[in-house]
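In the two assemblies presented below, chain A is common to both, partnered first by chain B and then by chain C.
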Partner chain A sequence: MPRLLRPETLSETLRALADGGDDTKLVAGGTAVMLMMRAGLLFPEQLVALEHVRELDYVAVEHDTVRLGALTSLRELERSAPLAAALPTLAGAVALVANHRVRGRATIGGCLCEADYASDPPAVLASLGARVRLKSLRGEREVPLTEFLVGYYETVLADDELLTEVVIPRPPRAARTTYLKYMSRSMEDRPCIGVAAYVGRDDSSRVGQVRVAVAGATATPFMLAEVTSMLDGALLEVDGCRAVGEAYQQAIEPLSDVRGSAAYKRRVTGRLVTRALEAALSSPRNGAFRL
Partner chain B sequence: MTGKPDDGRTSVAVAAGAAVGQSVDVLEARSRVDGTIDFALNAEIPHMTHARLARSPYAHARILSIDVSAAEKLPGVVAVLTAADFERPDAPARHHGPVVRDQPVVCGTKVRFAGDPVAAVAAETEEIAAAALGLIEVVYDELPKVTTVEEALAGGAPLVHDRPPEARDRGYSDIKLAGAGGNICTRFQLRRGDVEAALAEAEVVVDRTYFSPAVQHVTMEPHVVLATYDGRKRELTVLSSTQGPFAVRDALSEMFGLPSSAVRVVVPPLGGGYGAKTYAKYEPITAALAWKAGRPVKLVLPRDEEFISITKHEATIRMRTGATRDGRLVARDVEVFFNGGAYADISPRLIKNGGYSCVGPYDIPHVRVDSYAVYTNLPPAGAYRGYGVSQAAWAYEQQMDELAELLGMDPVELRKRNLLTKGQDFATGETMHEAHWHQLLDKAAAAVEWSPDSKAARSAEGRLSGKGVAVILKSTITPSTAHAAVRLDADGAMQVFTSAVEMGQGAHTVLAQLAADAVGIPVERVHVTTPDTWYTPYDQTTSSSRTTRAMGGAVTKAARVVRERLRHLASELLEADSGDLVVADGLVSVAGVPSRSLSVAEVCYRTRTGSISGDGEVVTSGGLDPETGQGVASDHWHQGAASAEVEIDPATGKVYVRKLYAVAHAGRVINPKLARLQMHGSALFGMSHALYEELIYDNGVLTNPNLSEYSIVAMGDLPARLEVELLEEPGEAQIHGLGETVLPPVIAALGNAVANAAGVRVRRLPMTPERVLDAMEGT
Partner chain C sequence: MTGADQAIGGDLGQRAGQATASCVVNGVETVLEGGLAEPATGFLRRLGLYGVRETCSLGVCGTCTILLDGEPVSACILPLYALDGREVRTVEGLESEGQLSTLQRQFICSQAFQCSFCTPGFLLSAQALLDATEGPLTDEQVVEGLQGHLCRCGCYESVKEAVRAVAARRQESDADGAQPTTGPQDAGRAAP
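Now for the complex of A and B:
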């Protein structure tokens, strides 16, 4: 069994990481690391358990941004009234992850650092333009989530760094957001395909920036900025939604897994991207929906 | 209930009473929830060691060498067991199996599936045992393998067993081994009438093939065994999470060459069985390791190893059914291929039951069934809730709908024209003494507001909706034997001695209810013992939905003997004929004169009686001719039906279950609440098999041995309406088991509902969204 450290503050944690090297692993809720260890995929010599680091457990809804402490559990996010008011789609999507026992343990920082491709929060946060704050004894940096996630279970996090905070710009009041979580098996499953859509709007009938991120198909949330940027300032109608869906279907190169073959995921991606955009435009309510 | 003890060996009829018919809570419900129940998992004894198993990474390979010297030197390792240990003169036998002795305790010359054990380690801690596994060096020479039935039966296919395995000396009388050869483990055949001629003359014939995959039981509690071998006394004691204490005792006594009295099997309450824990599973390897170690050994199977322990049989069923234009079935020809995996386990019985069950609850004059257990290089398949009937019903109940479509007939009407009625003969030639299928089918159809012109519809959201029904029959293990003993103590409390296993199904609760009423004492005064082969009477197995009927009958008879003795003792004290005495609520009184009564305690005290004992049994008989499959397949028949309403999203192919309804013939319900829970469990198992579950192998290696990659039904999947119903008879009635009856029809009803909604049929389980979409879009 690996050696276990239980720091109580952020600075103790960063010290432990700086001293630890690459055989040291952080464990927050343990819903990913413990399973990987049990499956023999990870053999850390030292574990830094973060459960006593209370200072990274918060939801701060501010005027322009929402900041989430990395050690806030998914269950806390799901039940946070301020978060539900500010970012209903994120709060709703988090509530669709696994079951409440898992959500009670899993943390938002751990979820992003796990970088599982079949995961709901990264896609939703990517569509919202979230950034993550990384700290080490050397200093700190803030990177867009889309640059933080680089591959299957792979991030840019250095061995001595800790993801401390998720920073999400608050969408304009008229913006529309939605998340469709499509599960091909049981309701506690990971997404077969998840589609997070963000449609920036002003008070006119034209749309501003549009972002669509697909979960469950590719190593990191799949986004086609060049396709969605063509919609800037356009009148988004049903045809436009379908065109975006078709473009996603053409471009995406999904992997096959137990939830569906590559060909199936490709087909479903196109249809659900269209559906998510239509929902974002036609529904008066932002939120996450399970299919 | 009538007063006289039943001297016959058959089951008994009971009526509702003070306890029977009441929704008594499961006796140990609270301890199951708060964690204080003593599962085998919690067992600890002095000097206990912990086991882990070294398993083959290859599906089929010759073992060139095994070197365990480094593992043995690891501090904390107590013993490492390999095939070499079995060469010692005092060693136990290295092979076991309930029917065919084909399963090595640890492999010696070759491995036959990815996961076959090659060594076992006992160590001071489980972590040390796990670390030792990494130090065991096995050199393999990989062999060509067969993983599908098709590969296994191809000409020149590699043989899973190089030589035909030996049958066990004392097998089960209902199992006739026939047709072995190549990779065929055994075959069952049924012949009735002239199938070829009848099919040639039939006005319509449907010919289709249906597939069910291997799935796993996923019991919450894994297999757990704690074995102690006392070399001085030559005694073996095993605490095990088994459904079959006596089957395990007999397997170990044969393997160790010990009299059965020198093998003691104790079974605490289980956290689920579903068939996975019938017959010896991990008791042989744990006991052999304890023999080698000279210390007690405990094995707790990790979850990923549960997935390769035992499975529901993958089945490919080719079925041809012929009928007249007006919908009379004339002939059915069936070839059933059950993928048995590397070892026979109980396949020879299961393929028999799964074979004749393909006829369904229908009157078909000409029938031919050939059912095969096929060896492959996959983990062994064995008993699974439904016992071959799920796979059979998936085929025949879909085929009934397909036939109806071809005839342009309402599928419910087609069934009604062919359902067996009371007094008719089943395809085995046995008479159906009870036949409730018409009523069951009517209820199932009504529950989904079935009408002959039920057509698929499209909802406002663009989803396609459809309905389906299915009706099934299921046998119970026959012949079978259950014995019980009951002891009424002088203070009015009662002990029920039974080897029936409490695995969460509530068996001990219903046995207490039956015992309480049969004597006439409050159910709270009844205690049901833990099975212990040293002390509790023989029972064949806790499986086959038989416990409430068979063991319940044995307990009832035993309790009635006790009541007779009690009345006899009281008759002198109450100055009345014992026939005029009634026992109720712990009081013996003169019928019609409640003032003349004595408590059980008073009767015992005044007659200097310490305890009053009685025993009872239920022994059934039957069997089928190996050439024709004619005879008695089942002492009685479980009868059930189901219906479903589904919606399909045409964009994804996903099936949403809106309503599930299941109904079973129950005869007399002992505990309505537990009976309904059994039905709920079966219905959700069925839904899970219909839509989600499948073990996926790549090159014979299981790719989804965890609950993230292998999906089972979750609470969120429950249909908005889940309804179950029990058909009861008035007055005194026979008890019918309910543990499995509605699992098979739920799968088939969902299949028919999906076909009704989609307009196309998916004949391969599970009906994943991808398979449904492919069928709908013709890709």
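Now for the complex of A and C:
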């Protein structure tokens, strides 16, 4: 018998998931699940609606980390002054997702579990080195976001697990972050290509760890650690930015979609990676920018 | 009920099980029953609230916008159960005692529409923006507040003008008592 469950606590939710089969689906804001159901892609026997689970709705800015409750809406993240101060690039990128009606319903946990390849927050969070906390009645595990996302709309989340929290290490004060979102159709579209760059820096002119994640081209945020790790400790200059951009352009194998052909996305990726690194080095402020 | 209204999520609701939602719709206590995954659009239209217009069914175009506890949401991707315990406002709830609101009258005076299909959505997001702010609004604030509303007649500039005109006047006098102003392209025409 198909039914709707509306748990009010985390433990009730985990119990419902443990008792449910693989035809049980979690729904938070519904902006992804409703589209899939309306498109006839999803026919759950049971829906576990999470919007009454208030304990997973929070932004906690702490000394070393920022923790986001999975059921915090994108609109709340966008409006959070503490988040904007601690992670301006993430707050800015979230504000570029869809439109405010969608952001008012969509949650950060739902966004990551949907695992859409053309999505801004996963790439930005991957560049920031975020981890996700997964809970079930069996226990709890913390997984790097880059390992949580495994394919198109696919994650490692087990049937009885719930993503409860996103944990983001706070970048050092001198670190630079940026997100460039290029849209080929309308202002509220998903990214044709989005590039998130993180450039770790100490007080010297040399760079620390560099991470660059590309959204909209591949199944999961595309990162070339072997290329960016060569920059560790280097003096990152314009030539270096261009070399990384070229390496990304060579290595990436984008899919073609309504927002651009594979060849087009490959070219845009190269230019945007270079621009994102240049912006991270030269721009006076961290943030997300619509192109 | 038209065939189109039945088509909006009706079949889906049958497949996905039943649910009820008790909510306040434009000030009236209402109990809605049906498929839990059925989008709110069909239910609201069956109440006769034809200002809720479904177009893209993707949360993109803004014509099905409603205010849920004062915040604009797309009813086409809002499941029925999400209305439970909440306050819903549609464009029909903007007028009071048969009188159009100040914002609605200003839309007329600024000629902020041609075919008017998108107008209910614009009005509701604009009302939410006005409710959430004080004093005059900048162009940027209006554009941000009306983000994701598509008007294929291209009335964006007049919509912006209408919202800014209402925002500018609310400082001078109580919003309800304020009279609409005529737009530049409408000079000399009497306010309704």
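Throughout what follows, the second predicted complex is superposed on the first by the 289 of 291 C-alpha atoms of A that agree within 3 Å, B and C clash if a C-alpha of one lies under 4 Å from a C-alpha of the other, contacts with A are read in each partner's own complex, and residues count from 1 in each chain.
The rule is short, and it goes like this: contacts are C-beta pairs under 8 Å (C-beta built on N, C-alpha and C of every residue); 3 or more make two chains touch, one makes a residue touch a chain.
Remember, it's a predicted structure, so these values are computed and weren't measured experimentally.
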item: Chain C versus chain B on the shared chain A, clash or fit after superposition; value: clash
item: Partner chain in contact with A:Asn99 - chain B first, chain C second, else both or neither; value: both
item: Partner chain(s) touched by A:Tyr152 [first = chain B, second = chain C, both, neither]; value: neither
item: Contacts of A:Leu291 with chain B and chain C, given as first, second, both or neither; value: first
item: Partner chain(s) touched by A:Val258 [first = chain B, second = chain C, both, neither]; value: first
item: Chain B versus chain C as contact partner of A:Arg275, first or second or both or neither; value: first
item: First (chain B), second (chain C), both or neither touched by A:Arg267; value: first
item: Chain B versus chain C as contact partner of A:Leu35, first or second or both or neither; value: both
item: Touched partner set for A:Glu188, first chain B, second chain C, both or neither; value: both
item: Footprint overlap on chain A, where chain B in one structure and chain C in the other make contact; value: 1, 35, 38, 99, 187-188
item: Residue numbers on chain B that touch chain A, as the complex places them; value: 127, 302, 304, 649, 651-652, 654, 688, 691-692, 696, 703-704, 706, 708-717, 768-770, 773-774
item: Partner chain A, residues of chain C touching it in the complex; value: 9, 12, 15-17, 19, 36-37, 39, 57-60, 62, 65, 71-74, 77-79, 81-82, 125, 144-145, 147-148
item: Contact footprint of chain B on chain A as seen in their complex; value: 1, 35, 38-39, 99, 182, 184-190, 192, 258, 260-261, 264, 267-268, 271-272, 275, 291
item: Of chain A, residues touching chain C in the complex; value: 1-4, 6, 27, 30-31, 34-35, 37-38, 43-44, 47, 49, 51, 75, 98-102, 104-105, 187-188
